[in-house]
Structures are given as C-alpha cells and as structure tokens.
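Below, each structure is written out as structure tokens.
The two complexes that follow have subunit A in common; it is paired with subunit B in the first and with subunit C in the second.
Then we have the complex of A and B:
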C-alpha cells in the first residue's frame, strides 16, 4: 500500500463500500459486547453462516445470469431429509452421492424450464419452492428424520468435525468460495454467465449458448444446496421437514447485500461472502446485545438497508442523490 | 331427509345396516358394501385408504347400537406430521370402540377453504356434534358460527380458535400450554434442588416462534412458575428458537459465548431443546440441565442417553380421545369447563420407563 496515491485508496474504498459497512458493524458490536470478537464467537458465527453461505455462492451465479432462485430453501430441506433417511438405509457412503444426484436432478429440471423452455424464473422457482416442500413431506411422511446411531457414525465430520482446529464447515465454505470465485472471475464459463445476465440477446448473437449457461447455473446452485444440506444434516444429525424454510430470502438478501444486481450481469463471489458474514454477524451481535427479539427483526433489516446505502454512497461518492 | 338423498349430499350416511356412502371433499364417492346390499346410486367407486377406514368405523358403529350419536370431525392436515396421523388413528379407534358413536372423519389437508366446505357438509348432514381442528384460528369462525346457529355444538380440538369465536364454541379440548410451561419450571427446579444449586442457578430460555399462542403460553407458564418454586434461580435471558432445531442451536451458541455460567436451559419443545444440547456438546460445556415441553422422539432418545433431563409428555392418543369424550359429554348434557384440558404429565430420566417413545 506504501506507494499508492490518495486517489488510488479512494477508488478502492469506493469499490468496497460494503467492506466499510462490514467494518463499521464489527466495531460497533465489539464495543457493545467485547465477547463479540472472541475467537470462539467469530468461528461459531462463520460456522453457522456456512450453510447459508454455501447456498448463497450458488445463487450468486443464478442472479448474475439474470435469474432468481427462490427454491433453494425448500430444496435444502429436501436434501437434508433425504440424506438423513438414506444414511440409515444405505449407509453414509452411498447416501451422500445419492442425495447429490437427486438434488442436482431437481436443479437440472429447474434449469431446463428456465433455460431451454425460457419460462420466467420467478414463477418457476416460486412454484418449485412449494412443490419441493411437498416432495420432502411425501418422502418423510411428515416425520422428523433422525439418524439412529448418532455416536457411531463418521457422517458427523462435515458439520461437527475440525481439521487443524478449524471447523470443517468453515473450510468447506471458504474452499468452495475460492473455487467458485475463480470459476466466476477467471474461466470462460464465468465470463459467459456475466454476458448472459448483462445482455442475453447480445450474448446469443455473439454465439454464447444462453440456454445452456442458464441451465448450468441452476445445476451449480443445486450442487451448492446439496453441500448445504449435507452440512445441515451432519451438524444436527436429525432434522424437521421445514429446516430450510424461509432461507431463500436470506440467501437472496446476502447476495444482493454483496452488491449483485437483481437485473443480472454484476456481482462477485467475494462480496457475496461479505454479505453472508454481515447477515450472520448482525444476528449474532444483536443476540449478544440481548435486544428484545421483536425488535431484532426491525433492527436486522434496518442494518441491511444501511449497508446497502453505504455501498451505493461509496460508489457514487455522495451520501444521497436527489436527482439521478 | 331420505337417507339416499343424504348420501348424495355428501359425508357419510348410514342406513340401518345397509350401506354407507362416503364422499370426500374432492367429490369422490365411496360405497361400502355391507352384507349383500349395494345402493344403486353409488356404483361409482374410488376407494382411498382413508375412506375405507371411515367406512369400517361407520359400519361398526351402525351395527352395534340403535340409539347412536353422529359426530363429525374435520381435521387440520393429517399426514403432514406423525402427531396428526396418530391422532386420526386414535380417534377412529376410540369411535369404533364406542357402540354409541358414529364418526364422520374428514381432513382439510391444511386448506381453510376445504375445511369450511367440510363444516358445511357436516351441517347439511345434520350430525349431532362437530369437532374441528382449525386450519386457521380466524378464518374458520364464520363456519363455526353457522354450525352453532344450526343448533350443532362445536368442539374445538388441539389448538383453539380466536377469541371472538368463543361464543359459538361448546368446549375446547386440548393441551394446556401454560401448565406445560409451569410443569417444565417445576421439573427444572426439582432437579436443581437435587443438585443443591437452587440458591444460585442461572437459566436461559429458548422459546417458540414469536407471535404463536403456543409459544407465548409455554413461555408465560415457565416465567410465572419458576420464581414461585425456585425464587433464587435467575432466568437470565429468553430468545426465540422458532421451533427450529438449527436456529435454537445458533441461539444457544450465542448464549454460551455470552454467559460463562449456565446451569439450565428451558426450550419450548424438545426439537429446540436438542438443538441447544448439540450446541453445548460442541462447545464442551457439561453439567447443563436441559428441560423441554412436548416430548419428541429425539428428546426421548436424548433422555435415554442421559444428556437431556426432562420434558412434558403430550400424547396424540390422549388428545384424540379427549376430543371425542368432550363431544360425547356435551351431547349427554354434562357440564364441562369451556377449556377442557387433557393431562400432559411430566417426564424425566427418572420415570421415562412409564411412557412409550413418542411417534413424532
């Protein structure tokens, strides 16, 4: 940083408004309760954000490609229930690939409808939200699903294990974020996702197979959901059918908070990760402050809007913009 | 009304040992053959398992008694969870076992509109009493009023309707969530006394979804009772776990960071209680007493493993039998309290052998 001019720093700050917001919240919460910045707490928050985070990575691709995915919450319930049920029937070694195959088949189905059939993604995934919920209930008969022998299975490694002292969910989340970040920013596929989301017609005319790219973003999103379901199932070794309910909106909030445009064509994996962490730390910070929980709902969304505002303000270099 | 006409109108009608016809809300008709006689108008058959069950019940009831009471029930959403599935099975069994009762068993599938239609069907059939497990505490009130105005007593089961509908309800049969909360406080306090820490123990609470009556009542029962039985135990904080194991685990993780000294955790149901237990285990914090309300299978298992201290046992079988008995008592003209609760006993590691493992 030593040789950098003032202007250089300024433009970096302008690009990273969301980081500024993140830093401000972290300092604020740390002042309110010093335990907030205890290593245990920080690692705990990142670990429990990992499930939401992994899902947000996949949805980032879908959103950049110009579409919505509202089905990820109930799809996560599905993969959690399925892998828990199959764990006792087939054993974990077979249950995991079977669950991945089924979840990705759902993603492929959505991708087919949105990509090749050109149906509106909002309607398709909203419909799939409740259709997949029904599928999950049918599978389980409405029952909570639990692994019988909780102590004697290696399956718990994904959600509860540690490698060199770092919780495995954090490693999976960050590892996947790095891989997908490279895929999005540095590969032809990633560039095509931006192109399709930025201007679908132009992309088509330049020979980019729009339908296939959209299809692949949904398969990728379903893959991430399957990873999230695996983490969830392994973390609690049992689950109710509604475990992912409502998460689709939190995921979308994290992605948008990270600065991805709902119109498609912009956003990065790194910023999505920051968006996920902001959501996780807000929730944890408010809990540690011991705020009455009815108020928490209001405050959470107040903070999110504040973060989006700081991001936009930093980009345009002004706090508000009455004209443009 | 002629019996054959009635069979076309819907629901179940029984001709003295001749036939029973069931039409569910989808409009399918089912004819149940008894002896050799089939009614000519009911040739079109589509037998679902549920309809078949209803037929058995109905026929059994007709065969047994001359002076019978017809009790209709419209349930919330059978099959969505094991509690409701077990409830229905128990209700049918209880109705079968009683020779004076004919049961018309319907299920709204979670759909308010369908439940209202079912209420109207039951009113049309002039059943003697209607039991309703509301799909929605507000939306079903007009249908309940209609039944009331038609002179049919309505019994609400499991979860009550909103207060403005109380005038049209003969009785509510269900669990008392305030008592569940209060008994959980007693279980917790007794355990602290055994351990000799009742003078200093600190407790956190993980409540159900904010805004839900069940959540509010279970919290109130606990909050009010704990200082009565254990005045020196401090309830340091309450946060919602939204009936969700994962959310509860996150809340407990934050509690563990925030408080170095936690002796007890009370959760609004066992699902959340086990989530909190998982958090404590992962953090390596031992010796915390976990108490829930509404014993789930997962809580029962954790109790058997010695990790979880106690809960409140709420049986769907008791729930169903209490609803039927309330309806019968009303029809027999007995005086009942408006809120007619069935008993939900305490279950702890000490007495869990007396209870079977919950099915849900």
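Then we have the complex of A and C:
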C-alpha cells in the first residue's frame, strides 16, 4: 500500500510537475520584483512569446506523432522574407495567402518524405533546414527585406495592432492554442495522432492511415510556421534572412518543457503553452532582476534537464538511472 | 554472401564515388563557367580544401563515434566557442604572458581540458539521469552558449600570437597543420573503433543496447568516454582554427552541430547507432567542402550551397532506404 501511495505521489508530480514549477517561478519572481506581475509586463511577455508559441503549437503535433521538426526555424525565415517581398509586389491581400500556400507546400514536401516515404524525420528536417535556408537566401539575394511604405500599410495590424486593448499577437496565439487544443484532444484526427506516435505499428494494424496522419502533422506545423512568419513580418515590417535561425531548438525546448515525450504519443497543447510561457517569463524575470539576456540560457539548460529528469525518474520509479 | 559483400562495398564506396563525381563535374563545368583561369583540381586548391575541412571535420569524426554509440551531441558548437575563448583569453593572463612562448602549450592544454570537461558533464548527465542524449545536449547547447557569453561578454575576444600563427600556417610534407590534425585524429579514432575493446563495445551498445547489457558490457562508462572524447575534439578543432585566426566571436560555432551531423550521415553512419565508419565520415566532410568550393568555382551564388546540401542529404536517405530494403528482402529468401 505504501508503495502505491508513493507511486501516486510520483505520478502526480510527473503529471503536474510543470505546473508546480511554473507556479514556484512566478511566485519567486513576483517576490523579487513587484513589476514582474504588473499587467502590462505580463501582456508584454506573452506578446513577445507569441511567435515562438505559435510555432511550438504545430511542433507539438509533430512530436506527439513520434517525429521531429528541425526545419521550423528556417521555414519561418522563409515565410517572413516571402511575405515581405510579395507585400510590395502583389499587395498584402494577395501576399499573405501566397506565402501560406508556399510555406504549407514545403510542409507537405516534408510530410511526404517522412510520412509516405518513411524517412528518418530528424535527418529529413535537418536537410530541409539547410535547403530552405538556401531557398530563402536565393529568394532575397542575401539582402535584408524591407517594406517600402511602412507607415501606409494595414499589414502591420497582425504584429502591432490591438483589439479591445489586447495585442493582436496574443489573440492569435491564444486563439490558435484553443482551436488546436480542441483539435488534438477532442477530434478523431487528434486521437489518431496520439495513436500513431504511441505505437505506430498497432495504429496501422487497427486501420489508422499512419502515413496520412504524419503527413498532416507536418502540414499543420507548416501552417503554424506561416502564422509565425506573418506575425514576425508584420511586427518589424523588415527582416534579415536569418530571423528564425536557431528557433527550431528553442521551440523544441518549449515542447519538451511542456512534457511531450520525444518518443511520441504524449503531450498536450495546454502544457506546451505553459512550456512557452515558462521560457518567456524566465527570460523576462531574469532581465528584470538586472541580469544579462544570456543568463537565461544557462537557467533554461538547468530547467530542461531537471524537468525531463523528474519525468523519466517518476516513470521508472527511481531517481538515478540503473544503467551500469 | 558475395552479394552481401558487394552491397557493403557499394555502401562504403558510395561517398568516394560521389567525391569523384563532384571532382569531374566541377572540373568540366568549370571549363565553361568559371571566371578564373585556374583549373578546379589545382593542387594548391585541393590542399586548401583539406585545410578548410579541418574544423568541421574533426568535430564530425567525434560525432561519428557518438552516433555509432547510439547518441547525438548537439552542444559541440558551443563547446567549440567556449574552448576558443579559453584559448585566446588565457594567453592574455599576466601569469601566462610572463612565460613567453611557453604559454602556448599551457593555453592549448587549458582549452582542450575545457572541452573534455564540458563533454564529461554531458556524458555524466546522460549516464546518471537516463535522460536521452538529444535532450541533454540540446539543453547544454543553450547552457554552454550562455557560459560563452558570461565569460566573454558580447564583444569578440582577440589575441594574436605570431608564434602560434606561424605554426598554424606551416606546411609539413606539403600538408597544412590543420590537415595533419584532421588526418591524425581520423587515424587515431579509426584505430580506436576497429582495434580496441572500447570500439567494439561502442558498436555493440549502439546496435542493441539491451543485448550489450546482457553480455556484461558496462554501457555507462563507454558512453561517458565517448562524450569526453567529442568534447575534447570540439576543443581541438577550436585550437586548430583559432591559433590562426586569433579572434573569437561569442556566436562562433553556431550550427556546427548540424554541419557535423550532415557530414556523418553523408558518410553512411546510421542515426540509430551500431553502424558507421570513421573513414567514410572523412569522405562526407570532404564531399561537403568540395561542394562549397565547387559551387563557388562555377560561379553559383554561395547561397545555393545550403539548398544543394540539404537536398543531397535527403537523396542519400532515400538511396540508403532503397539499399537496406533490398537487403532485408534477400534475407527472407
């Protein structure tokens, strides 16, 4: 009996550990600095986390489906550059759908390779990271991309606008999170993603079209990247070719922090949002404490390892690995 | 049996055949497209190519043993930068400056030790916590980069030591110093992986970890040693490169992990572990560098390199799947 109780506590810790950690962080930072819990500070943090957050939503689907997506960073650079370039050539009303179509075509290509051709997702998306970066540079000729008439375009509404006082990026991020959360938890498609990631073979035997589900997770991820690119482009109205560089790993860090297993089959949208917010608030809290921006890298390192370690330890029932 | 051997030879030889194709293609295309009069296969050009392959190459060699072992290390770029800073910064310390040129071996030693310690930290965490190496090194990629900034600040660190520069630019038997380091590292690792118990066990662990445990192999220490080794090699790569350049930017080494993995996979090493060869990785490194130089030679924009390498990586994966599937079908018969 005692053993069971212990296991119960362990599994509660494993399931809710991320929320507990989040609460401890918020309280700690709030005690250290009153400004931390001011409404405009909180809204500022969520706003600046929105781009990373939107990308993390899509990657959550891919990871639950049992795959990686390392290409989201360079894909985000691509969509940002493309939409900025087309803005002046076609006008924003045409540029946005054109950019979405192109980005999602890239996602479909990756989905085809990983889903239907059954290639290793880590290598495919690594290759696409490089290839899409090349594509972006070729498109822009290596130069920065800027909108000519920055003051006179309604395009800036996505990144800079407010509706009822709430910044639009927050609305888009949270709105998308709610929709995708429902898709993942409440629809047949969402359940199939879990099934494919949890045990691909069993899923195939029970008649779930594994290839198509994996394909769709990548298209969905590309859609989220396109939204992120739109937010980025609209916020700055100009961009370098490398704007998304390195974000793939930060996104993955947020998803892992949220407790999604890299083996697939587990994770939720809600926890990914918490993971994104933890990264955002840590960064903000450390800055408010007067520490340089790079201190957050070291802190994030510790938190990622600790979070995953506790998760693994709770599952195997002992803290240290039994590996000899 | 002979067909299996034939297929094996095909797989091992593929990367070298690819290099030959690259050489032929760029030589012929260069005749028509190149703006310079020099032939692509100019001897000096090839020597330079080997030298330029060294920084990524030394890291990729280390990545090979990590991947054969069934792990991955994403923190090598940050380890590279941190070791470079230790190298250049330590030479400006008063205690070392007082020593004159004797400071050089000491600075080298400090930098190499930094790399080994960073690798050991990764290895120890992977071993003792049982967290996947991908996650552990993803974390330390961020963490080590943070340390780089904390030690160095946001400005570049520079220190040129002319004795060191002379050494780095020297040529022995025609080959540059960096090339020698690359080749000797390859030789040492090749001997280790093919002639020692550690090498054999590393293959066994990567191939089937459970079976290796049942056979009484201690998995932990072997993984740990490999992580120490790749940390050391990342530092060696930094030492070789920064002895000559003398200036390090805190963002240096970013994406090195991805280039190294690309070279290793081009060389045919399996991501799942248990299969791969040091010599083929050397081929992968040279193939990538050839592509970079070759595309520049025929006047293609430098940005196309990324595009081409990415697509080649995927093509290799498709080809590899084709070969492997044939293998399995034959086994059934």
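Quick note on the criterion: the second predicted complex is superposed on the first by the 283 of 324 C-alpha atoms of A that agree within 3 Å, B and C clash if a C-alpha of one lies under 4 Å from a C-alpha of the other, contacts with A are read in each partner's own complex, and residues count from 1 in each chain.
Operating definition for what follows: a contact is a pair of C-beta atoms (placed from the backbone, for glycine too) under 8 Å apart; a residue touches a chain by one contact, two chains touch by 3 or more.
As the structure is a prediction and not an experimental result, all values here were calculated from the model.
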Practice item. Pick one for A:142: touches subunit B only (first), subunit C only (second), both, or neither. Key: both
Practice item. Could you say whether A:284 touches subunit B, subunit C, both of them, or neither, answering first, second, both or neither? Key: first
Exercise for review: Would you check which partner chain A:294 touches, where first means subunit B only, second means subunit C only, and both and neither mean what they say?
Suggested key: both
Point to revise | Partner chain(s) touched by A:321 [first = subunit B, second = subunit C, both, neither] | key: second
Exercise for review: For A:252, decide between first (touching subunit B), second (touching subunit C), both and neither.
Suggested key: second
Practice item. Give one of first, second, both or neither to describe whether A:182 is in contact with subunit B, with subunit C, with both, or with none. Key: neither
Point to revise | Of subunit C and subunit B, partner touching more subunit A residues | key: C
Practice item. Could you say whether A:120 touches subunit B, subunit C, both of them, or neither, answering first, second, both or neither? Key: second
Study note, to complete from the structure: Dual-contact residues of subunit A, meaning touching subunit B and subunit C, are 137, 141-142, 294
Exercise for review: Going by the contact rule at the top, pick out the subunit C residues touching subunit A in the complex.
Suggested key: 74, 125, 127-132, 134-136, 138-150, 213, 218-220, 254-255, 258, 261-262, 265, 271, 301-314, 317-318, 321
Study note, to complete from the structure: Contacts from subunit A onto subunit C in the complex sit at residues 70, 113, 117-120, 122-124, 126-135, 137-138, 141-142, 245-246, 249, 252-253, 256, 262, 292, 294-302, 304-305, 308-309, 312-313, 316, 320-324
Revision key, fill the gap. Residue positions on subunit B within touch of subunit A in the complex are 79-82, 84-85, 210, 237, 239-240, 243-246, 249-251, 253-255, 257-258, 271, 274-275, 278, 282-283, 296-298, 301, 360
Practice item. Report the residues of subunit A in contact with subunit B in the complex, numbered from low to high. Key: 33, 35, 38, 40-41, 44, 48, 51, 137, 141-144, 146, 160, 232, 235-236, 238-240, 242-243, 283-284, 287-288, 290, 293-294
